[in-house]
Structure formats: C-alpha cells, structure tokens
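My structure is below; once you've seen it, I'll send some questions.
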Amino acid sequence: MDMNDHFHEECGIFGAYSPADYDVARDAYYALYALQHRGQESCGIVVNEDGIFHSHKDLGQVSMVFSSEELARYPKGRIAVGHVRYGTTGANNRNNCQPMEVNHQKGKMALAHNGNISNAFELRRELELSGAIFHSTSDTEIIAYILTRERLKCPSIEEAVINAMPYLEGAYSIAVMSAAKLIIARDPHGFRPLCFGQKADGTYIAASETCALEAVGARYIRDVEPGEVVVFSDGGVQSVREHCGTKRHSICIFEYIYFARPDSVIEGVPVHAARLKAGEILARTYPVIADVVVGVPDSGLDAALGYARYSGVPYGIGFIKNKYIGRTFISPSQDERASGVRIKLNPVRSTVEGKRVILVDDSIVRGTTSGRIVRLLREAGAKEIHVRISSPPFISPCYYGTDIDTKENLVACQHSLTEIAKMIGADSLGYLPIDSLSELVGHNGYCHACFSGQYDTAVPENTSKERFERPLSESGTGEA
Amino acid sequence: MDMNDHFHEECGIFGAYSPADYDVARDAYYALYALQHRGQESCGIVVNEDGIFHSHKDLGQVSMVFSSEELARYPKGRIAVGHVRYGTTGANNRNNCQPMEVNHQKGKMALAHNGNISNAFELRRELELSGAIFHSTSDTEIIAYILTRERLKCPSIEEAVINAMPYLEGAYSIAVMSAAKLIIARDPHGFRPLCFGQKADGTYIAASETCALEAVGARYIRDVEPGEVVVFSDGGVQSVREHCGTKRHSICIFEYIYFARPDSVIEGVPVHAARLKAGEILARTYPVIADVVVGVPDSGLDAALGYARYSGVPYGIGFIKNKYIGRTFISPSQDERASGVRIKLNPVRSTVEGKRVILVDDSIVRGTTSGRIVRLLREAGAKEIHVRISSPPFISPCYYGTDIDTKENLVACQHSLTEIAKMIGADSLGYLPIDSLSELVGHNGYCHACFSGQYDTAVPENTSKERFERPLSESGTGEA
Amino acid sequence: MDMNDHFHEECGIFGAYSPADYDVARDAYYALYALQHRGQESCGIVVNEDGIFHSHKDLGQVSMVFSSEELARYPKGRIAVGHVRYGTTGANNRNNCQPMEVNHQKGKMALAHNGNISNAFELRRELELSGAIFHSTSDTEIIAYILTRERLKCPSIEEAVINAMPYLEGAYSIAVMSAAKLIIARDPHGFRPLCFGQKADGTYIAASETCALEAVGARYIRDVEPGEVVVFSDGGVQSVREHCGTKRHSICIFEYIYFARPDSVIEGVPVHAARLKAGEILARTYPVIADVVVGVPDSGLDAALGYARYSGVPYGIGFIKNKYIGRTFISPSQDERASGVRIKLNPVRSTVEGKRVILVDDSIVRGTTSGRIVRLLREAGAKEIHVRISSPPFISPCYYGTDIDTKENLVACQHSLTEIAKMIGADSLGYLPIDSLSELVGHNGYCHACFSGQYDTAVPENTSKERFERPLSESGTGEA
Amino acid sequence: MDMNDHFHEECGIFGAYSPADYDVARDAYYALYALQHRGQESCGIVVNEDGIFHSHKDLGQVSMVFSSEELARYPKGRIAVGHVRYGTTGANNRNNCQPMEVNHQKGKMALAHNGNISNAFELRRELELSGAIFHSTSDTEIIAYILTRERLKCPSIEEAVINAMPYLEGAYSIAVMSAAKLIIARDPHGFRPLCFGQKADGTYIAASETCALEAVGARYIRDVEPGEVVVFSDGGVQSVREHCGTKRHSICIFEYIYFARPDSVIEGVPVHAARLKAGEILARTYPVIADVVVGVPDSGLDAALGYARYSGVPYGIGFIKNKYIGRTFISPSQDERASGVRIKLNPVRSTVEGKRVILVDDSIVRGTTSGRIVRLLREAGAKEIHVRISSPPFISPCYYGTDIDTKENLVACQHSLTEIAKMIGADSLGYLPIDSLSELVGHNGYCHACFSGQYDTAVPENTSKERFERPLSESGTGEA
C-alpha cells in the first residue's frame, strides 16, 4: 500500500564512531537514505570534527536536503549522528528537525531519537517549573533536558544516559554524540529496533535497521538489547545492561508487518521471512478457490508470495506502481479519482482479467484506499476479489512512536468484518488472527497494543498531537 | 535493472482534443507522468487556448518541471500536446525540449516527436542550403521545417503532414497541434507505438502507450496503424492511410522486453504477457536445477515470474530497490561501490542464502552492472547463480529512437557467451534465442536490428550523436 | 525616478575578442552587470571555445541567472557575446532570451541585438513565404534569418552582415559571433550607442556603454560610427563604413537624459555632463525663488545638481531610496499606497520641512508617480513644490528599441501643462524646452521622435507588441 | 562606503499591537524591509493569531525569505514581532534566526533583540549550572532564560521583563510578545535606538528606527527612554521607568554617523542633519583649496554635502554605485581588482578629471577600501585627493551590538594619521575630532567607546565571537 494512505513510523536513527577521521557524512547520507522509509518529513546529519559539531537539517527527504554541495561542506570526522523523521505536516516545524543539538554546562550534545516518551507531558511540566524553556514541540527536547540534568550530577555522558533512563517511560531508541563519544541505547521494553555493526576499516555503525548497515558496507554485529546502553569511545565498545530492571520485551510487531524494510533483519528474524509467514498463515486460515494471488505494491508483495506458495494458487504481478512519484507530485483531486484516473497504481489487466483474484495487503486504515484498489481490479475485469490482510484489525492508538491514530479513524473500531468487506467491495475478507502473531517472530515478546489495546506502559495522560503547542498551564493562571 | 545502467527510450508523446474547454493541462500532466519511463531528461506541455499557445518546458522530470503553481498558470483549452524526453546530458540543452513550437506563414504549430529520422543529416543539409536556420540539434526541428515547407503549398495542416511523410525516413510517432486541429501520425514501418482513446466526456487522448490513457481515465480505442495519419478536428476523427505505400511492419521488439510499461498493451499484445512469455522461453531453453528464481527489479520481475511458472522453481523476492532514488541522489563513487555499499539494490538474504539461484534480467549492456548484481547475491550467500536474459545479445546500434550504442560499447560484440558468463561471475548464462522473438508478439512484423544488424531502412550516413553540434559544412569552406 | 514606473531601454549588448583563451565568461558577467540598467528581464552569455558554443540564458537579472556554479561551467575561450534584455512580461518567454544562437549551412552564429527593426513585419512576412519558421517573437530572429540568407551567398560572415544591412530598417546595434570572428555593427542612423575598447592583455571589448568597458578594466578606444561594421578576427580589427549610404545621425537623446548610466560617455559626451546641462537649462528657463533643490533618486539627481549650481539655490538630499528592493520584492497594494506607506522612497524631513522645494525629475510618464512623490514632500512639510522635468513632454511612441508607448498612456498627449501641474499637485511645473535638446550634446544629430513625432525612418505598419504572437496570415485563409 | 567593507549593525527589531485582527505580517514585512540596512543575514516574523504563534525565519534578506506565497501563509492577527539580523557568516546558523520563540511554564514568548549583553558569559555559566540547555549561540537565548526564570516568580510578563533587567548588562532594545501582550524595553544606558508610533487605525508600531514607522504609515509618537519598559495590552499603553536606577545615557554615536538611515530621527535628532553637521565640522577643521567635494555612496554623501555647503567648494557626483548588486553577486577576485575592474563603484570622470577633489567618507576600517577608492579617482584624472572622514579613528572594539573589531584589525590602532594618508594614497587626510562629536547630537549622553576606549559598562570577561561555540567548561573536567 502507498505511504500516503498509511500509518507512519516516526523516525530512523544513525550513529558512526570511527578510529580515524574520514568522510563520515557520506556514510550518514547513504545510511539515512536506506532508512528513508522510516521518515520522509525531515532529516539531518551532525558531524563531529574533533569536538566541533557541523550540522545540516531541513524539511524534506535525504536526497533533497543534502545536495552534493551541501554534503561536501561537512569536514571529515570520527563521529556522527543522523536522523530521518516523519512528523506533523506544516512548513514551519524546522525546529523539530533532528538530530537535536544542545549546549549545556559540560559541553555539546547531539541527540537522535526514534520512539515516543509516554510520560513526556509530566516530565515537561516538571522541567518547566524549574525554569526550562522549550524551542520545539517534540519529546526529544525533553530527553535532552533530562540528560543534561543528569549530566550535571555525574562525571560522564554515558552515566548521564544510564541515570536518565529510569525517568523516561515509553519507546526510545537513541543515539547521543558528545565531543568524544557515541552512546546508543534502547528503552527497557525494546519497542523500536536498534542494531550496530562494523566496517572493514573498524568504523562502528549503529542504525535503526540492518539495511542501513548494508548500505554503507558494514557487517552486522548484533541488535542492542532492550534496556542496554552501548558506549563507543577511545576505550573501545562498552555495554551496560543491568541498570533499569527487567521489563517485558515489547518489540513492535508492526515493524515486521509493514514499517521495516523487507531486507532488514530485526532481532534475528528477517522481515521478509516474517511477511512470507503472515501470507502463509492467511492462506491456511482463509483458503479460497482462486486463479491468482496479487499483492498491493510494495508492502503487500511479500505476504502475497507467502500466500501463493502455501496455497498453490499462482502468484501474479497485479499492479504497476509509478516509481517517479516524489514529494512534489500533484495528487489527483477527489473528482479525478472518482472519474477513474489511475496515477500511482495501475492494474495489469492481463494478470487479472476474467480471474478470481486473491488480493493481499498489509493493513486497512480507513478503508478508502482498499476500496479504491478493489474497484481498480474490478474495472480491469477481475471476476472475484478476495482480500487478505497480513495484520490483525487496528483497534487502539499507538503511544510508542507511530501515528496509529484515535479510534474514530480506525475502520475496524467502527465496523464489523462483514461491513468492512462490503465497504471495500470485496467478495471475502480475512485479517491475520491476532493469536498467530507470535508465529511471525517465533516468540511472545512483542507489542500488539494497536491490535489488542493492551499496553506495556501506563497510558499517557495527554495524548493530543498538539499537546505541546499550547502552554501546559493554559487552563491555569489565565495570563500568558 | 536500473535506468541509469540501461539503454533509454528517447521519448513519449501525448495529445488531447476535446469538444469543449477544460483543464487539459492537468490531463497532459498525468499522462506524461505515466509516460515518464520513456524519458526523464526534459518535458513540456503546450495548451491551445482558442488559438493562443501556452507553453512550459524545462529540463527535469514531470513532477519537478510542473509545480502546482506552474500547472495552474495554464488556461483551459480544447487541445494540447505534451512530451517527455530522454536526450544527451548537459545542462544547456533547453533548446531541445519539446513540444517544439514554431510560427510559420500559415500560423502556429506545436510538435511532439518520438523516434529518430534516419535521413536527418541529408534533410538538414538540403534545408540549410535553402536558408534555414536551426535553433536546436534535434531532428524534430527538421520535421518542423518539412511540415512548414509542405504547409505553404497546401490548404491544410493534415495535408501538409501527409505530404511531408514521404520525405521522412526512419522512426516517428508524432503529434502536431495547429490553431484548430490535432494530428497524430506514425511512420510507415510503425517503429514506435502510438494509440488513442476517449474519455467519458468525449475528449480524445492520444499517447505513446495505453498506460497514459488509463492515467487520465480514457478508454482505449485502437493503435494508430503504421503509416496512418489521424486528424482530430471540429469535423470529428478522420483517418488517412493510403498515402505512403506499403512498408514492412517493424514495431520495436525491445518496447515489449524493456522500454514500455508492463501494464501497457501495444498492438494488442500486453507487455506483461510478452515478458512472461520471454521468461517461459528462457525456462524451456535453458533449464537448470535450482531453488529459487529472482528477477532484477523492476524490469526483470515479469520474465522471472514467467520462468518460475514454467519451470516450477519457486519465485522469490531477491532484491529490495530503494524507491526514494530521485534525480538529485548522489551516486556512490567507484571506491564506495567496490567496498560494498548497497544503496540502490540490496539483496534479501533470507531469499537467497544457501540457495541455487536463477537470476533473470532483461538485458546486459556493458556487463558491469550484471557483474555487480551477481556479486551482491554471492555475498548474500547464494550457492549457485544462473543468469537468464530475456532478450538476445545486442550486437548493432539502433537508429530508430533509442540510445543503443556503437558496437564498441556492446559487450556481446566483443565477447563470447562463455566469456561474458565469466566476466559477470555467473555459473551459467542464457540469452533469449533471437528466433523465438516472434513468440513474444505472435507475429513477425517487428524490428530486431539491434539483435540482428538487419535494418528496415537505409542506415544513416552520419550517426554521431554530435552530428548537428558542428556545422555540416565544416570540412568544406574552411570559414564560418 | 524608479525603474518600475518608467520607460525602459530594451537591451544592452556585449562582445569580446581575445588573442588567447581566457575566462571570457567572467568578463561578460561583469560587463553585463554594468549594463543591467539597460534590461532586467533576461540575460545570456555565449562563449566560443574553439568553435564550440557554450551558452546559458534565462529570465532574471545577471546575478540571479549566473550563479558562481553556472559561471564556472563555461570553458575558457577567445570570443564571447552577451546580452541583457527588457521585454514583455510573462514567465514563458525564455525563447526570446538572447544572444540568439542559430545553426545554418555555413556553421554557427550567436547574435545579440539592441534596438528595434522597424520593417520587421514586412521582413517576417517575406521570410515566412519562403518557408521560414520562427521560434521566438522577437525581431532578432528576423535579423538572424537575413544574415543567414546573405551568408549563403557570400564567402564570409562579415560580408553577410554588410549585405544584410540594407534590408534592415530602424535601430540596431548588434554583436555577431561566428566560429572564428566577432562582428559588431550599428545601424546607419546610429540610434543606439555602441563602443569598443581594449584591455591591457590585448582583448577587445565591445559594449553598449563605456561603463561596461570600465567594469572589465578595458580602455575605451572609440564609438562605432553609424552604419559602420567592425570585424575582429585573426587578421586584426577591420572597419567597413562605406556600404549603406548616408543617413541622418539619430542617436537617441533619451539615452543621455535617462537610459544610460551617468558615468558612461556616448559619442564623446559624458552622460552626467548632459544631465547637469539639462538642469542648468531648466534653472535658466524656469527660475523660481526657493530654499532647496532636490532630485528624485537616482535618475533625477544629476539634473537637480545642475539646477542648483546654476540657480544658486542649495542642493539637498531629499529622499532615501531603499537599496534592497530587488526582483522578488512584494509591492504595496493600491490601498497601502493610499494609506501612506513609504517603502521605496522616503523623504528626508529635515531637508524639506518648512521649505520651498524645487523637485527635479527626468520625466513624467502617466503622472501618478510624480503625484505620489509631490504628496510625499507635502506630507514631510514642504511649503511649496516646484517641479522641473529634465526632458520635454512625451507625445509620440518610440519605434527604435524602447517601450515609450501609445499616445493614450502619455499624460502630455492628453493634458496641458497647467492640468498636469494640478494633477500632480505641483505649485509650478517646467519641462525642458525641446529646442534646447541640442545643448545637451552639442549637435543636432539626435532622435527626438518621442518628443516631436518626427521619425527618421518610415513608421512601421504594425506596431502592436503582440504582432508576432498571432499568425501573420490570420485574417487570410481561415485555417491554421 | 559599501556594506561589505564596513562594520555592521547587528540587528533591527519590530513590534505591532493592534486593536483588531489585520494583515499584521504585511506591516512587519514592510517595516523590516525599511530596517534591512541594520541586518541582512537573516530575518523573521512571528504573528500572534489569538494566542497561536505563526512564524517564519530564515537566512537571507527580507525580500528573499518572504515570498508573496510565504507572506500569504500568515493568518491575520493583532500582535507581531519581527527581526532583521546581521551575524556571523556560515550557512548553518539558522538556529540563531530571530525572533526567538520559546515555550515555558506560563506559555509562549517570542523575543526580538538588538544589542549585546555584556555579561552574557557569566549569565550563561550560571544558567547552565542550573540545568539549562542552549540551542543557539546568541545572547538572545540568555535573555529568554532570564525572562522565563523571572516569569515563573511573578504574575505577568511585563513584571518578568522589569525584574529581568537588573540581571542584564550591556545593550538591549527588545520586543517581547506573549499570548496577549507586546512589551518593548530599552536598556538603562539606551545604547540602541527604539521608538514607537501609531497608525490611523489605532495600531501601535514599535521599531528600531523611525523609517520603519514611516514605511507602514505610522505617526511617530516618541522614543522609548533608556531603562523604560512599555507595555501594549488590552489595558492600553503603560510605561514603567523607575525600576533600574539611573545610568549614564549612552546612545551609540555611530548610529548617527553610519548605521541608521539618514531619513530616521533618533531621540529628536535627524540622522541626515547630524551627518551634514559632521561634514560642516570637517570643512571647518580641515579646510583645503579644491574644485569639487564628492561623497562615497551611499553613506558618505550627506557629510560631503555638509562639507560643500560650509566650505563653498561645489558639491559633485563623483561615483556611480551599481544598484543591482545583491546577495548572489559574484565578487571580483583579488587579481581582477588589481587589474582595475570597477564593478560596484565607478567614478564619474567628468566630475573629477583634472580637479582637486575632496573625498568624504564615513569611516576607515582596514584602509584597503579607502585606498582602492582613492586610486579609482586618481585613474579618473583627479589631480589632488583630500580625504575627510566623518568619524574619529576607531581604536577600540564595541561590546554593544556591532562588529567593530579587535584592535589588530583597526588601522588607526596600528598607524599614525600620516601613515594612513600614505597607505591610502591621499594628499591629505582629516578625521572628525572626537571632541566635536557632541555637536552632532547637541548633548553629551552618547557612547564613544570605539573611538575613546571608555566603556559605560564593565568590559566582558570573554569577548571572543566563538565564546559560545565551545563548552564553557572546556578547560574543566576534560570530558564531554
């Protein structure tokens, strides 16, 4: 399914630590490029040139923000952090671009964050009462303040990170760069992925997904464990794990189903394999006599292949997706859509005409896109259309770093399976059973809150996206 | 295989003729967008507002050249022509952007051309001797002159087109807009595709491929026949066919194998079906015991599926292609490539690790890209790699509108099959047999000159790409 | 007075011819920069690298069109031509940018033109009947065709220029570059200025004004004479003068009054000196008792100083002009203007408060700007305002390369002196007497058609600005 | 003298408070435009739409940063603040753009600042020790923290401003916007100007200079007094003056001589009048027999006129300054300069040839520009050149908001008058006597530290421009 009609991962992060100066910005560029699917709103790279930070951040995708001229402006360096971000729309949120750079009493720090702090509201209130001012509306600035507060009390940045973690609830995979070190850490639940590897020249590369390691030619070493802090410094690589107690392992299962790139491997499980398995489960659970299985590009293709392989129904190429669609593309109007324009996706008539088609997609959000795709197939001559969805229905919002939304916008909260099938025009409809999710990854330590409503942390007090746009005290003193 | 390591189609054309004024520029935009794969160098749209031409053309892809602001600047109109172009590199060739607009004694004309005039050199020499001046280095300006010359002698633009055709040799699918009419025509050999259809509101849409008709919601009517001239005017649709004698039908077979979009149908044959067939032939001709068949995205996928279906070897998803790569992307250096960066294509390890892999691609040009891809698979753990190519080897340049090059740059001219297999590191290699090409389309009326060296027109006198950059008389008078 | 409320010169031209390759594009850049006042709509430079032309042209001012990156893209060369242009508005007239480059039977040619061909309509009709096609709507393309036609008949480009001149009527100062030569020429009346000089390294520089020679450090040699053709080639500098008969010398007097830069010297007369003289004549002709003389920046300052010197009334600085106003500035609305915003010009209250002010400007076009300026002074406390204009009233359009307009838009055609004074709110008003114009230059060989209605050539048949936007034959065959 | 070879004012500020919503961004645009001479590095506008802040800030001049599209994006509002800034070079200092917007416990605040806090280093150290983090390297963020700290302790923003002022030393004219109020304040010494006025519709406008009031059609009311805080709110206009004790009045005298626009009036003294007076003093102090007095455009013109009027030597227009020079202009190289290119300034030969010239400029910084200008006049034929400078020699750096530099870069610290005259090639040289400065403004309450070394506050501990680029504790713990 297309990014624009889909839930979004909110970030991807990158860090590099090298034994010697090199063109580290270039590695950051290629790694962020490989992580682009995790965030297209803004991006940034901060290079550490012997203690001096050189930074460029802006709204836009990696290849737009970093011209070759811009990239050439970076000096060589040994350490760097980078970030891609999906956030709220609007031209003026440059302040929210990451990595966030701050100056504090002990020096400089650049911070890249993927996740969502679920007690951000409470932390911010507390910080503001002690005189803090906020330039952004992101929870990353809250992490920066907590790190700074701890840094004042202890002799090293890594201890500051370790001491800060008990205050932070929710999801966070972070990369922190100081004048001389790179620290990466993952929250005790391990909601978001984070791994690291090494290049032949000794440079350590940390990233949200393994595909970013491969983009820069680094060999994967391992995933960061939930609650672990890894420090890269002149003293080599050090790991601290035993500091924040034991929590349930809660890797986001939707990373496997949709967010991550199929060529990435998360905690030992190839994403592509998990998707093939989802297709297999769908074939096992909802068999149907049909002539061809097609996936919705790009994220439905793997599960469609899994379905075909298990069921024996031939796999087919059902759609051509226009690969030139970029940020500047002018989307068709509602009228144009109604009148049948087929800009982004066009069915391959020879695949589906006169056929009973099994259509596999990864999810249904509001149902409008799915309805449109079913209609496209119908117009191209499909006789029957059986929709199979490689995730369970969404019924609850996500508080851990994606934009899975309020119940009002989730079609599965408002309608029964039969109603949804009718709404989207499918002859039959099957969702992945929630109790089969563990088959995808081979264990039970994953977060399924968006499918089950069972959260592994306290649910945030204030969950409005605009919670930091208005003063926290607004209903309070009556003056501002 | 990737566009950047590939031969290029040189153009796509578009025309619209409506019973009433409407936002015709928007249809042109979406249609050119669907034809973007035929040319990414430059594009343009000319809208006819009751005899006044409004034009915008520039270097770049459709979504870059036409911002919503730019698109909104067009008035409504009844007629429009559009063009996407692949040409030589260099920033300063704006003069070669199409549609070409010219003013002549009888009025205005806008001209969009896909193909290559093989007697351009001779025609240009003749025109220059009669005082013609040339602003561009494209053969389209030559067509414009010939049309103008004929237009002076006859009472209508369509007669001018008909009378001009006997002078023009080679490949041309053209759309010509005058103050009141749209004329589309295809050369007598029919080298390049051209079709037209109609929208529900009566608007006629002409385009190089059916995918562009579908992009604007038009119903396909039929392909323009070789040598046919179709006139859209207040008098309705008229066709003239009997004016240029009978020539061999020579539709470019490589349109089916690579250039065209798989969801297009050319002269009744679905492109996707032709590619499945190519895969099938490969499976039949070069069987091998293997564990998985993978295609090189995007153009190798259809033939890979055809191979898998026929052979029974499972189809797999072997590569992830980064879909964010745009024009502004900074390509990795030779060094970075050597050190194993995997930016554009990354193998899916879980698909190929420990497997005997059949790798299907559409062609081999110089062999370097194929070698790189084979190496990627090897590094990802493939045990054996059997390369199957869904076209015959290139041995001769194309003079009909693509950039298939001089013999020096074609690996198959310099090396035997065994040598090529060794060069690219494949365990075995098989090309589509040239005598099976007719199976792809079900007839023999196609051009296979690039595979056979047998041309259906006289071979041009001067075939240098720069032939119009230097004065024709250069070796002549010695003064300029 | 401000450029935006003023008549415009339509072009400035540049040529260079050097004994050896050097960074000639850079000289062109600085020279065009110095000529920017002659045209801000578009600009272009063509560099000749041993017979290969490298060109960049675009809409916009010199410093916008030529980034340092763009400028660095030019190779070294021995010959170059350049152009700045003021033309009609509209984003899509890139086709009209100059220098115009054409390819003809004998080679390449780049052409830069300042002026206006008064028989363009007739020439174009004739050319079109012989099969010519036109890409632009400028008369420069007509010159290019005539040159090409002659070039076919004779052995050298310079002879082609000489033979073409009898066909061309009206105003033209041109620079023509071939593969090996630079030719500059001025029409037999000498309507527009043209001069040349030489740098210390031997490079010849030709330009519309001497300020461009000074910008590149060239020593002025002399003005090109009316009807003269000067050829720069390996054979040195050659001049041909005796080929087009004797015509009345008709240098545009408004070049001295407004168009040219005050630091330029045209035909031996410093522009600044001519303007001082105009102020002196005004003081002599319309004396008035006053406290201060102020000029409207920038073009009224010289005459104001001349008035002050002759009259003995102190010269004052009456206005500050915002020097940051560029192309992208958002002009105030009519409402904002009415409510007193003072964006571009602000009076210096301490200069005029409580004073009797003599206000000197170079011309009155529609009267609205003059009225606004008088009101500004009044609001700043001026007791009396006596307006003196350093040109006679405009009563006739210009056909020789400026946009002095139809009679309907010229306030002096519609109203008496008393009426105009009242309209603009002046206590008194005096225009430069037409019979004193010869005092500015010390001779009678100047064109005063815009002030007198006496033209030195036949008045053009069709003078509409859009005359080439519609087909010439439009009222003819009824079909296009 | 030209901006690029000159000392720079570091900022200009703007505020608006209206009884009703209107297009306040547009007023901000025109006012900042009028203040552009105070800072061309970056600019920004924050509009308050009923408590919601809408902001756009970027590097570049007003007309570049605010396209009409960008300006139209602002909603209507009642309150706004704006800023133009000159700062250090470098593309990546977007973080330092103002107005600075911060969120604190009691709400939002936008802050625009002109000046320099001389105890910034100490304040920042103190804030950092309490856990503050800094996103920018400007002292404005320090003011924001101090305001926030005070705001937490008191019931209103205006009291926070009043209570913050005793902590802040040095120069600051500020505009602070909260959800409901606009507060403007000037430091107790009154180093930088600040005034306010009112439009016919009741809107209050505050700005650094009166020219900005005039740009939006506001009537000047009065200057803010040193140490005064003015509050605009629903309760009307309130002034608080008696809160920070009495300090010496220290308006920057160089505002009159160079920084401010000549049409502005500061504390009752017209800037133009002060400059005429400076010229008069020079004429009185250093008379010389000469033929013409010329000023270096633009800032030397007023004093030149004052010199001419007092001395009786005729005033002349000695130079033409190219008015098209913008941000994107490519400056000539050192070589080109040496070879005599005259791009920005060109002498008017007819004014100076064969003459004894008095050349008036506002200051000499390093001497190179002055030397170049003298040489230009010499090459244009001037017989004698007597340089008169309308300020005393710079001998000490400025700590109050300009970039007057370290002693090493000030020619007058290194050389005697005679040496400087020789260096720049002048026949004689005279600077404005320091003890005549009071004549310019008619009182003694001005800052002359850059000319005398006498500072009205403690001299800052650390005055390096990069003092906030490195951690304050750097020499401390040895780890960061």
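Things worth noting here:
Note that the chains take the letters A, B, C and D in the order they are written out, and that residue 1 is the start of every chain.
The working rule: a residue touches a chain if its C-beta (ideal position, glycine included) is under 8 Å from a C-beta of that chain, and two chains touch if they have at least 3 such contacts.
Just so we're clear, the structure is a prediction, and the values are computed from it rather than from any experiment.
Touching chain C and chain D together: no chain. Here the CA centre of chain B is 47 Å from the CA centre of chain C.
Each chain gets one centre point, the mean of its Cα atoms, and the points for chain B and chain D are 60 Å apart. Spacing of chain A relative to chain B, judged by their CA centroids, is 37 angstrom. Under the contact rule defined at the top, the touching pairs of chains are A-B, A-D, B-C, C-D.
Taken together, the chain C residues at the contact with chain B in this complex read 51-52, 54-56, 73, 91-92, 94-95, 100-108, 125, 128-135, 137, 144-145, 148-149, 152, 155-157, 178-180, 468-474, 476-477, 479-480. Touching chain D in their complex are the following residues of chain C: 26, 29-30, 33-34, 36-37, 40, 61-64, 66-68, 71, 200, 211, 214-217, 261-263, 265, 270, 272-273, 298, 301-302, 305, 309, 314-317, 319-320, 322-326, 328-330, 332, 336, 339-343, 346-351.
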